[in-house]
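Heads up, there are several structures right after this.
Both complexes below contain chain A, partnered by chain B and then by chain C.
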Partner chain A sequence: MDQNPDSLKEGRQWWWYSSRLETGGNGMFSRKGGLNLRFEEEGCCFLVGISLFQTSSTRIDRNRNIFSRTSATLERIPSKSPRPVFHPPWKIDRVISGHLGWVTSIAFDPSNAWFCTGSADRTIKIWDAGSGRQKLTLTGHLEQILGLAVSAKHTNMFSAGDDKQVKCWDLEQNKVIRSYHGHLSGVYCLSLHPTIDILMTGGRDSVCRVWDIRSRAQIFALSGHGNTVCSVFARAMDPQVVTGSHDSTIKLWDLRMGKTMSTLTHHKKSVRAMAVHPREQCFASASADNIKKFGLPKGEFCHNMLFQHRTIINSMAVNEEGVLAAGGDNGSLWFWDWKSGRSFQQAQTIVQPGSLDSEAGIYALFYDQSGSRLITCEADKTIKMWKQDENATPETHPLH
Partner chain B sequence: MTTAARPTWAPAKGGNEQGGTRIFGPSQKFSSRDLASHTALKPRKEGQDTQDELQKRNLRDELEDRERRHFSSKDKSYIDDRDRRRGSHLLLEGTKRDAEDRIVQRNVDADDSDVEVKSDDESDESDDDDEDDEAALILELEQIRKERAEEKLRMERQQREEELKVKEAELLRGNPLINNPTSFNVKRRWDDDVVFKNQARGETKTPKRFINDTIRNDFHRKFLHKYMK
Partner chain C sequence: MAAMSLSKALPRPRYSGEDEELPTHTQSRGSRVVGAEGLDDSQIVLKRSGPPPYGNRSGWRPRSAEDFGDGGAFPEVPVAQYPLDMGRKTTSSSNALAVQVDAEGKVKYDAIARRGHSDKRIIHSEFKDLIPLRQRADAGDISLEKPSEEEIEATRQRTQNALSTLIGGALAAQKPKNIKGTSRPAPTYVSYTPDDQMGEKSGGKTRIIKIVERQQDPMEPPKHKHKKIPRGPPSPPPPVMHSPPRKLTAEDQEMWKIPAAISNWKNAKGFTIPLDKRMASDGRGLQDVSINDKFAQFSEALMSADRHAREEVKQRALMQQKLAEKEKEQKEEHLRMLAQKAREDRSMAAGGRRMSSRSSRSRSSGRSRSRSVESYDSRRSDDSEQAAVRDRARMRKERREEHERELRQSRMGTERRLQQMAREQNRDISEKVALGVAKPTQSAESMYDSRLFNQTSGFDTGFNEDQAYDKPLFAAQDAINSIYRPSMNQDDDGEGADETMDKIQGSKRFDILGKADRGFKGADTAEARDGPVQFEKDRDDPFGIDQMISDVKTGGKRYGMVESETRGSKRARVDDDEA
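Here is the complex of A and B:
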């Protein structure tokens, strides 16, 4: 046998071996702990040495003299789309009830000890994250609360509601200390700037207002959208504000000038939810037609998510492991692999007993600060906590 | 009635010059809500979960630990200690409350130290006549032992006598054929011949059910039936 080492690239290796293994071969374990396989077919015979410990430096000895190129040995071109990463499936861990109306917004404390939910019953309730017990009920809004945020730098919590009010709560006294007056109509979304002390709210008056937290003054009214601004997020780097709207566009804003940097018109339906990846420079936006991924400084279109989540998507969230969760108006909760854009789990929430089936609906989603728990706020007045199945392995839940 | 709250097809659009009015100069009038107040931002202090503190902590492990403590059957009574101790739930405590706690602890310590000081003094006095005391103590101990032994003996004797008495009494009255206290009357309840008793027995009781709607649930329906109709 001609000892002609030929190493294959890692991407193709597996396909090559697996195609061989399927055709059948007799193998034996060598003394080194590796695996030696010997294949005989089509009159050609070659020896494959697979070291289980160094896959990248695998050498393949083949007999060039007898070797004939068949379809099975042609180079396989790896797919351009990234391979999906395995994520264990998520399951409902517990159900928390206590609100008297739709639960429409949620925010986590930076210390992960508690979270607050806003509801259509006009209250904000504070829950202990570990035990799920209610700690507190805050009243003050006159309509449903659609946006919540807890400041990581200050002892403040912010809430915005359909009653056109944006409030700043002092967590040391549990009181409203500031109120940001100016929206002409209901406020649908709220976001805090990570580095500067400003607050972004978007509402039905189709502007995103930028407030100075301290002085309660409006810095900008970022106008340009043709319809309700229903999703907003802020970043430390440019573009510092990104808004999605019911006019099915996404706008990236230059916060220094208060002007639009670019407008993304890829969506056909209203963009109700957006999610920024915690580390990568890209974000996903959801509308009823598709979930799309965009790169961030420029807003260039990356790709669509590969399956169509056929519902109105109210909320989305990504965690550090790259699990994108999208909650739909019909109670469907789809989990996506961020990198490959494939949905690895399509769950459906179960309404709590005593409610109608039509009350299945997810209005808000949030990962806890560690990304290990997912909390959904639902139309059946409950808050559901999801966690990953610990026993799941790639063998029990194979990627399809 | 104002229609301001109703949804419209064309809601008002905001902007920097909303309503067509542009402000060229500062206005002389302003709302009482716009009065300056809370002009300083309160940053999180040490102990209020500042960013630096959170970076050192493993939030995932902490959360799982808290969940485990909640779900474990042994610690059923676990509630946040803080919650039980204090009536009000302040989400971020200031440093003031911690100071109060510290004061209470110091008081307790102070009391203890007083007691100790007193006992030390007594022991110092008794050091002088140590040897005399020892002999007296041994004598006393022996006496106590003797007394205890006597007591024990007496108690045992008493018990034996009592047991004997009980046995004799049983022998005397032990014949079941002669001394049977049962009577052959049928025991009747006091309300056996009364007409009005437990009239709800035949009715089927509607089981309590939960309807997740504040105006369609049984309680509200009953309430409306009772007070509105």
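Here is the complex of A and C:
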């Protein structure tokens, strides 16, 4: 405490501060420049230091020379949180009941005409997006289906299940035409590359496997995670694969080399859901402690979402308007403003009649291609469609 | 030739290596032994460190660290030099990292996290990486715009190229072309003329040799075994960018305490489980039974309604009673009125008749009234007397009847008297029998609980679920078999079938109780008697008592146990029994 931070080198200084952080609590120390730095513990899990500058800007200017020279790391903009944008609240529009088990995965057709859901009853059902009627039931998996994707370029659908199988369905014949063999345990997530014909699957063998769709050859086994890989998404630009795992890390992968580009260790609990923004180069990752946003080429930490969901988040999705929907294991469905990180609606699903209250749980959610409808797959064996309230205005639903 | 001419052309080498004497400054700097005479001229000792000055460096070679004198290497000296031990290959295997600094001269503390990783790897290790990007002052303008189509296309092309080689390799590995044994090159022919060897003449005969590649089994398993290469040392883990987890409080621990499941059916280890744990395990206490409030409201309402109804009924009954009373009163009044009226009418009529004799009547009436008052009093006293008289008469009569009955009873026989007593106690059913009302129970058996009879097989023998039957089903079979069949040991006597049959027939197995065909052993010698048992006077001394007494009297001494005779007799008797 009596050490003068000026005399410290920068790197050593962050050690010093971080050690202060690790000792926890709210440490406060003052420097001779009249500058107060306070470290606050935000919520229950993540320590974010917020420096409160003196209000007088002249004082800051006086100190800036010393300050920028010595500890540029601590220089922060006081509060540049963007104003939250108004989004109309979402309402349940339709409940589709047809599966005989938990509905665990969903994917939308690129033409926005239909969507498919995979369930714990080992079937994939294809539904008409407009009417909500069932069009088809596909059987073939031996266990629950945990990952689904529809190819935008070919008439193919991909499914991955707890039975270690990854299948490619031809939607013209409604048959399995390829099977990607290699996972040593259940497959938990699946993603298609947007520009190249490759397929990424992550599973309980803590490996993300990259498959060539056409030849069924495994190109890479992206290993490095210490636990189940439970979320994956692919991008057109580097890093082209991002995986989240139960070992509470996120890894960005260099697809050309099959090597890790970076490991993000900001989360404290397993990262079960990730959502990549359709326009911006950033993504959000959800774990039981927080939802965090990361910038993408480098994986720099953008910010936390401002409230705590306080449940296991199974799935997340974001649409072009910047509405991030996060579905919790207790049936809570929170809607967030992407930019500001505020939650503007905290909904709770209602279980279908005949279910237990404990069967409220959202396992997967997906926006349709236009982003105007949200579809949730739930533990009460139903699929629910949510729509925005058209009559809502900022006057009727003011931002608090 | 050329080398010779070259060596001639060159000057003589200054150092040949053999007879070279090291320069003084390169000689060992240990203690020098100096003679006494040499002390004078070497008093001044110059302690020098660092390199010798210029001009004196011929033949000097920097070896140790102080030869460099805080400076760098000497490029004019053509030997391997390690100033400050830099670049020296040390045998020590310390994996400590050298301190690295960045362009501004700051120590790079994340060098340890970067070790083993390529330069392209992004490692977030600084405190500023924990600060949200929009609060970071040095972040500048954060552009999260999507890349252009060209960039995407370029990336796609590069990635596709990189992957296609990989895919090609993977596919080639899937279908191996060179399966051994499949391709057999054509045999080669060699003409061979052997030389003369060891003085032996081959004769110069030329032979043609066909060389064929040895055939290989295409299915032969590989001779080597695939061995896993042990993994190299792992690259350092990424810096942890979150705070340590919270300490588990006692409350949290309590929250996570889950009682062990206790089955009501299985207890393989045979633990003794307290009753409260067993009760707790079935989760009965976990859900508290909450009775709906409306039950209480309902019963309350019922009770109040009941009370209300009772009250009403009571009120109504009271009202009705009052009404009835009123009506009765009215009727009485009416009757009284009628009676009055009738009396008045009668009196009126009588008045008309007795108008003439009113005076006498009035007198008589006065007298009669007085007498009636009198008679009324006397009548009351008479009434009580008469009642007493009646009572007495009745009592007298009863007593007389009792006496008569007693007299009659005393004259009656016992049977009659019993009957009489029975009748008095309402136990006489003879009349009922006569009327056919009382019937005896039809079957005597049904009166009894059959379980009471055969108690050994009844309930008190104990209910055993393991053995539903108390005795084997064919228990009697053995006995039956042994009764009617000749046994094995009877057969193996070597007797004929007839003899056996005779024996079976002859042997009486079933004796009639008390009439044994055979008496006790030794008794069959006795002659048959008719009449009572006759005893004989004892003449000799069967037990040898006299003998013994005489022995004692004579004083013949006996030592030890002389019981050979008795023992022998005992044994004989035992043998007798067994025979």
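To be clear about the criterion, the second predicted complex is superposed on the first by the 321 of 400 C-alpha atoms of A that agree within 3 Å, B and C clash if a C-alpha of one lies under 4 Å from a C-alpha of the other, contacts with A are read in each partner's own complex, and residues count from 1 in each chain.
The working rule: a contact is a pair of C-beta atoms (placed from the backbone, for glycine too) under 8 Å apart; a residue touches a chain by one contact, two chains touch by 3 or more.
This structure is a prediction, so every number in the text was calculated from the model and none was measured.
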item	value
Partner chain(s) touched by A:Gln308 [first = chain B, second = chain C, both, neither]	neither
Which of chain B and chain C A:Gly132 touches, first, second, both or neither	first
Partner chain(s) touched by A:Gln346 [first = chain B, second = chain C, both, neither]	neither
Touched partner set for A:Gln281, first chain B, second chain C, both or neither	second
Chain B versus chain C as contact partner of A:Ser185, first or second or both or neither	first
First (chain B), second (chain C), both or neither touched by A:Thr393	neither
Partner chain in contact with A:Gly295 - chain B first, chain C second, else both or neither	second
First, second, both or neither for A:Ile198, with chain B first and chain C second	second
Partner chain in contact with A:Ser215 - chain B first, chain C second, else both or neither	both
Chain B and chain C footprints on chain A, overlapping residues	215, 220
In the complex with chain B, residue positions of chain A that touch it	100, 109-114, 126, 128-133, 135-136, 152-156, 170-174, 177-179, 181-185, 197, 203-207, 209, 213-216, 220-221, 223, 228, 258, 351-355, 359, 368-373, 380-381
Of all residues in chain B, those that touch chain A in their complex	11-16, 18, 31, 33-34, 36-44, 48-49, 51, 54, 57, 59-60, 62-67, 69-70, 78-80, 83, 88-94, 209-214
Chain A-touching residues of chain C, taken from the complex the two chains share	106-109, 118, 120-124, 126-138, 142-147, 151-152, 155-156, 158-160, 162-163, 166-167, 170-171, 174, 238-246
For the chain A and chain C complex, residues of the former touching the latter	9-12, 14-15, 17-18, 21-22, 24, 41, 44-50, 72-82, 195-196, 198, 212, 215, 217-220, 236-238, 240, 249, 252, 254-257, 259-268, 277, 279-282, 295-296, 298-304
